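Dropping the structures in below, format is structure tokens.
You will see two complexes here that share subunit A, one where it goes with subunit B and one where it goes with subunit C.
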Partner chain A sequence: MSQLATAPAVRAERAAPARPYRRRQRSAYLFIAPVGLGLGIFYLYPAVSTFVLSFAEWGPFGGHTFTGFTNYLTVFQLDAFWTALGNTLLYMLIGLLTLPAAILFAVLLNRDGLRGVTVYRTLYFIPFVTLPVASGMVWKWLYNGDFGLINQFLGIFGLPGTYWVSNPATALFAIGIVQVWSQVGYYLVIFIAGLKAIPKEYAEAAEIDGASAFQRFWHITLPLLSPSIFFCAVINIILTLQIFDLVYVMSASATVNPAFGASQSIVSLFYEKAFVEADKGTATALAFLLMLLIAGLTYVQFRLQRRWVNYV
Partner chain B sequence: MSDSARGTRTGSVLTHAVLVLGAVVMIGPFVWQLLTAFKSLPETTTVPPPLLPREWLWSNFAAVFDVLPFGQQLLNSLIVAAAVTLGQLAFCSLGAYAFARLEFRGRELIFALFLSVLMVPKQLLILPQYQIMSGLGLLNSLPALILPGLFSAFGTFLLRQFFATIPKDFEEAALLDGAGRFRIFFSIMLPLVRPALAALAVITVMHTWNDLLWPLVVNTAPASMPISAGLTSLQGQEWTDYPVLMAGALMASIPMLLAYLALQRQFVQGIALSGTKG
Partner chain C sequence: MATLPLAAGIAACSGTAGPAFVPDGGRVRIGYGMWDADQVPAMQEVISAFRAEHPDIDVTIQLTPWATYWTKLQTSIVGGGAADVFWMNAPNIAKFARYATLLPLTDRLARDGITLAEHPPHLVELYRRDGEQYGVPKDYDTISLFYNKELFERAGIGYPDESWTWQHVLDASAEIRDPRSGVFGFSAALDRQRNLYPAIFQNEGWVLRGTRSGFDDEATIGGLRFLTDAIDRNLAPNAMAEADTRAREQFQGGKVAMYNGLPNDSNATYKDPEVRARTGVAVLPRGAQRGTVIHGLANVINARTPYPDASYEFVKFMAGRTTGEIQGRSGTILPSFSGTQQAFLEAKPEFRMQSFIDQVPVATAYPASVSTTTWELMQLRVLGPSWIGPGSRPIEESAQLLASDMNDVLAKEAV
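Our next item is the complex of A and B:
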């Protein structure tokens, strides 16, 4: 009898802490459900589906036949792919110029007692918030071979101009520079935050020991800023490998611009294949190869960081 | 004047010289865009081009509305940016709160799935996403632009980092007082992460307003395009009316510029946050 009487009491005791926990658990799924389902439907399923279908031929009405690595072989035999790959890596290298430029401006803006810091920062950030399509158009006009301001400017010094975005020799460089110009403000903000975190005592001590401004920058500021530089390099490389908007706006189409191929990136080739030529199999393989490239280069950077990034 | 003071003086002049040069490069293109937008077509095709327009032509701005459903496209961009941002704030904050503060079975696994979404470049997803939209009959509609944007692994991750820093005592006190989880979420936790919400809002508005590839793919009818995609159709294949193009590009950039100038602190904070936490 007494046993029977105590049993429910024990159970109740155990249940007491467990109940809020269970309630918490149930409501947790309600919290996660909206974003979880959305990501599942619009992101996770497409990711898996692209991967699977990169090994298939896409039928016109949604049917698929599995063809193994055919799509990948097609891509590898495509001259345009190798050109676009080389171009994309060049865009990446040019894009890395953003970092020294942003560091230079950040260091200057971080100087003690400098006036107008906010004004400069505001101005430098404006290209980053401006619609990239609009920026691309402005620069295309500046680059114009006949009436562009850049050629006029070069003319003052007696330098010859060119048709910057339709000359295969210069188009990629011209577009890449606009990318740098539009991104500097973003990295500037991150570098300023990184510089603010460096204790002033280090540089002061070095100054007393007679280190020049350049030595202080090279031996103190740069190493202490290296975690920010690493972060920015990773982000910068990921973003420029996906360059599309500026290429699309500034390079027009194959029928008009002789520099179209010479400036095409992997993403613009993907767009071309998928939505202009309706060659979805090739496009899928291309997209997947781009992901591998991004993942690979990011991995290499993480491996290399031990050699040059100083975490205090 | 001491040596070091003179050194700082010349240093400061040099600093400003470099910074001013930088500012000219950053802003110069927009000044030229503004001046071009007011010129006549013949003026823009004279060599050398005159610096100022002989007569300030407002007609270029009106012309944009004649060649494009420009007002409609601006409105589309506004609606899409607002809807995506509100949706992300709501959905991401709910999910982020659960990941940061609640214990439930499968949390680690589900969170790992979220992180894997974060790493996939968006181009990889476009073809299946397009097919989903086409299957739902949503091509050339605003929902096609809005739907995928409502959910963000990045947003969830960013907010989770902030929820995780809030001391546990706050919600435990409220739990003891008998408040439900949703009540705690809305009246205690959300206000505490307001800076992070503002940061996410700023980042989302910018990305949505500026996005080009997805709109180009799903909405090919001019009336359903956002302004980013609409603007590209102002470029002729053979010939472009540059003053009109510059006027259009200018008007398409203005809403974001105004938002930036008004909310500068939030913009900079948002970028810095996304930089350090994302």
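Our next item is the complex of A and C:
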């Protein structure tokens, strides 16, 4: 009797908190739904179908037949692929310069008593919010071999200029630098936030112990900033491996650029294959290989982070 | 006034194969895809003239800049949003025809008794694939020499004319060349239609025969060498300079004395009164023989259009004299309908536009196959290193490389 009487009570006790939990869960899914749907439709579905279709040959106007690894073999036999891969890795290395530059500017802007910080921060941030196509066009003008401001400036000092974005020897670096210029403001903002989170007491204590400004930066600021640096490095590498718009605007969009091959990135080769040559099979294989490269490099960074990133 | 015979024609063929044009329960709206903004006013006028005959068919121009025209067209054909009628060119016709993306016109044209005899035969031929007519010629172009009279006068040289040879070009360039002000004799840019093909054909070379590339032929290489030699001798800007500032802009800015241009290159040149006054137009100088490349656009119909009949009516209208006359009068393009070119010549009396027409008999058709876009991209990539000036890869080497790459692509076409 007593057992019978108590059992429902216990059940009721347990069921009572369970219902709001499940309801909470349901509303959580509702909140996730818009983003989840977007990710599913615009990222997950295309990514999976790209992978599946990279094993198929496409007609220029749709329709495909599965051909196994043919597309991957085609890609590996393509000289342009190896050149583009090398170029893309170089873009990545140049792009990494963004981080020290951003840290330097962040430290300079974070000094006590500096006036007009907001103005500087805005100035640094503007290139990041400017349309890459627009800044690419302007930079292309600056780089122009015959009429560009850069060569005119060099001319003042009697230095020889070149056709920066059309010379196969300089095009990649010229474009890479613009990438750095356009990204620096974004990382700057993250680093400033990171610097603000570091308690002043550490630096003050070190100063009392006689540490120089450089020692304070090297042994205190930098290690405590490492979580921000790690985040920025991951994002930066992912973004620069996908460099396309600047390359397209500054180099490949000129119909006759001899630096076209020397500055082509994997994504711009992908564009050429997919949309100019209408060879979507090779293009999807390229896209998937790039995804593997990005995933691989990101994984390595996560593995290595415990060696140098300090989470206080 | 043309409404009556047209209506009779429709009535006559409504019983035969294929539906005749019947206004689709009222108004039909078709899209017309094109890439040249200069030609929009003339095309608007064509549409108005067409609407006067077909008040039930609305035509909307869909302008896509050249740089993205083909990529967008190809994608939108797959996606199903492409224009109903659009511009087609030589490099792309074979591919579009092979993949059945265009509406065949042979039967419809035959039914209406339209033979296209008023258009240059090799242009009509260009848009006929496997016995099926897919396009109706709209305009055509050859290449002529634009020259800067001021620079010639300053150097004390007579203007180029039909007696000129490559040697005249090189000699004049040596006189005109002024490193201090950065003025060059002529433009030898890596531009296939304006420079490469004319030079190749003038040297009795060839680009494509069946599935063979002509780039390893001595005559072809000789034509290309004329261009690279001029760059090596510093008489023409190298490819880097040409990539930074396009030849036409260099010419308008007075930085090159001669450059090869298309008929529509004259539009921008004519617009600026100062440039207009100092510009002359002549036939291309000869190499081993006279030669130029001839190309022309056609109007084609999207095979997946929901309004094939209305689209056909529009294309048929544009095959006629009225459209030729409107295009000619606008001065923007050389119309392909014979007898309508006079208006084009009169639109720019200061330029000797007759040069473009004079060269038709010596012109070679624009080379094209199913994979034109692929091997045209190769030309740029493989020949580029020979266009950098002294010390760059010898043209023989680049041309041989290109021929072998191009042959690989052409071999795959046959499959």
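Keep in mind that, in the parts below, the second predicted complex is superposed on the first by the 261 of 312 C-alpha atoms of A that agree within 3 Å, B and C clash if a C-alpha of one lies under 4 Å from a C-alpha of the other, contacts with A are read in each partner's own complex, and residues count from 1 in each chain.
Here is the rule we go by: contacts are C-beta pairs under 8 Å (C-beta built on N, C-alpha and C of every residue); 3 or more make two chains touch, one makes a residue touch a chain.
Computed from a prediction, not measured in an experiment: that's the story for all the values here.
Novice: Between subunit B (first) and subunit C (second), which, if any, makes contact with A:146: first, second, both or neither?
Specialist: Both: A:146 reaches subunit B and subunit C.
Novice: Where does A:31 make contact in the superposed view: on subunit B (first), on subunit C (second), on both, or on neither?
Specialist: Only subunit B is touched by A:31; subunit C is not.
Novice: For A:294 in the superposed arrangement: first (subunit B), second (subunit C), both or neither?
Specialist: First partner only, subunit B.
Novice: After superposing on the shared chain, does subunit C or subunit B touch more subunit A residues?
Specialist: B
Novice: If you stack the two complexes on chain A, which partner ends up touching A:275: first (subunit B), second (subunit C), both, or neither?
Specialist: both
Novice: A:67 contacts which: subunit B (first), subunit C (second), both, neither?
Specialist: Neither subunit B nor subunit C is touched by A:67.
Novice: Which partner chains sit in contact with A:310 here, subunit B, subunit C, both or neither? Use first/second/both/neither.
Specialist: Neither partner.
Novice: Figure out whether A:258 sits in contact with subunit B (first) or subunit C (second), or with both, or with neither.
Specialist: It touches subunit C, and subunit B stays clear.
Novice: Quick check for you: in the superposed arrangement, does A:215 touch first (subunit B), second (subunit C), both or neither?
Specialist: neither
Novice: Which subunit A residues lie in the overlap of the subunit B contact set and the subunit C contact set?
Specialist: Looking at subunit A, the two contact sets intersect at 62, 144, 146-147, 253, 255-256, 275.
Novice: Please output the residues of subunit B touching subunit A within their complex, sorted ascending.
Specialist: Subunit B residues touching subunit A: 11-12, 15-16, 18-19, 22-23, 25-27, 29-30, 32-33, 36, 44-49, 90-92, 94-95, 97-99, 102-105, 107, 110, 113-114, 116-117, 119-129, 131-132, 147-148, 150-153, 156, 175, 181-182, 185, 206, 209-210, 212-213, 216-217, 227-229, 231-232, 234-235, 237-238, 242, 245-246, 249-250, 252-253, 256-257, 259-261, 264, 267-268, 271-272, 275-276.
Novice: Could you please specify the touching residues of subunit A with respect to subunit B in the complex?
Specialist: Spelled out, the residues of subunit A in touch with subunit B are 20-21, 23-25, 27-29, 31-32, 34-36, 38-39, 41-47, 49-50, 53, 62, 104-105, 108-109, 111, 114, 116, 120-127, 129-135, 137-139, 141-142, 144, 146-147, 149, 152, 155, 181, 184-186, 189-190, 193, 213, 231-232, 235, 238, 242, 244-245, 248-249, 252-253, 255-256, 267, 270-271, 274-275, 280, 283-284, 287-288, 290-291, 294-295.
Novice: For the complex, which residues does subunit A have touching subunit C?
Specialist: Per the touch definition, subunit A meets subunit C at residues 59-62, 80, 143-148, 162-163, 165-168, 253-261, 272, 275-279.
Novice: Along subunit C, where are the residues that touch subunit A in the complex?
Specialist: 67, 70-71, 74-75, 77-78, 95, 99, 101, 182, 189-191, 239-245, 255, 371, 373-374, 377, 380-381, 384-385, 387-388
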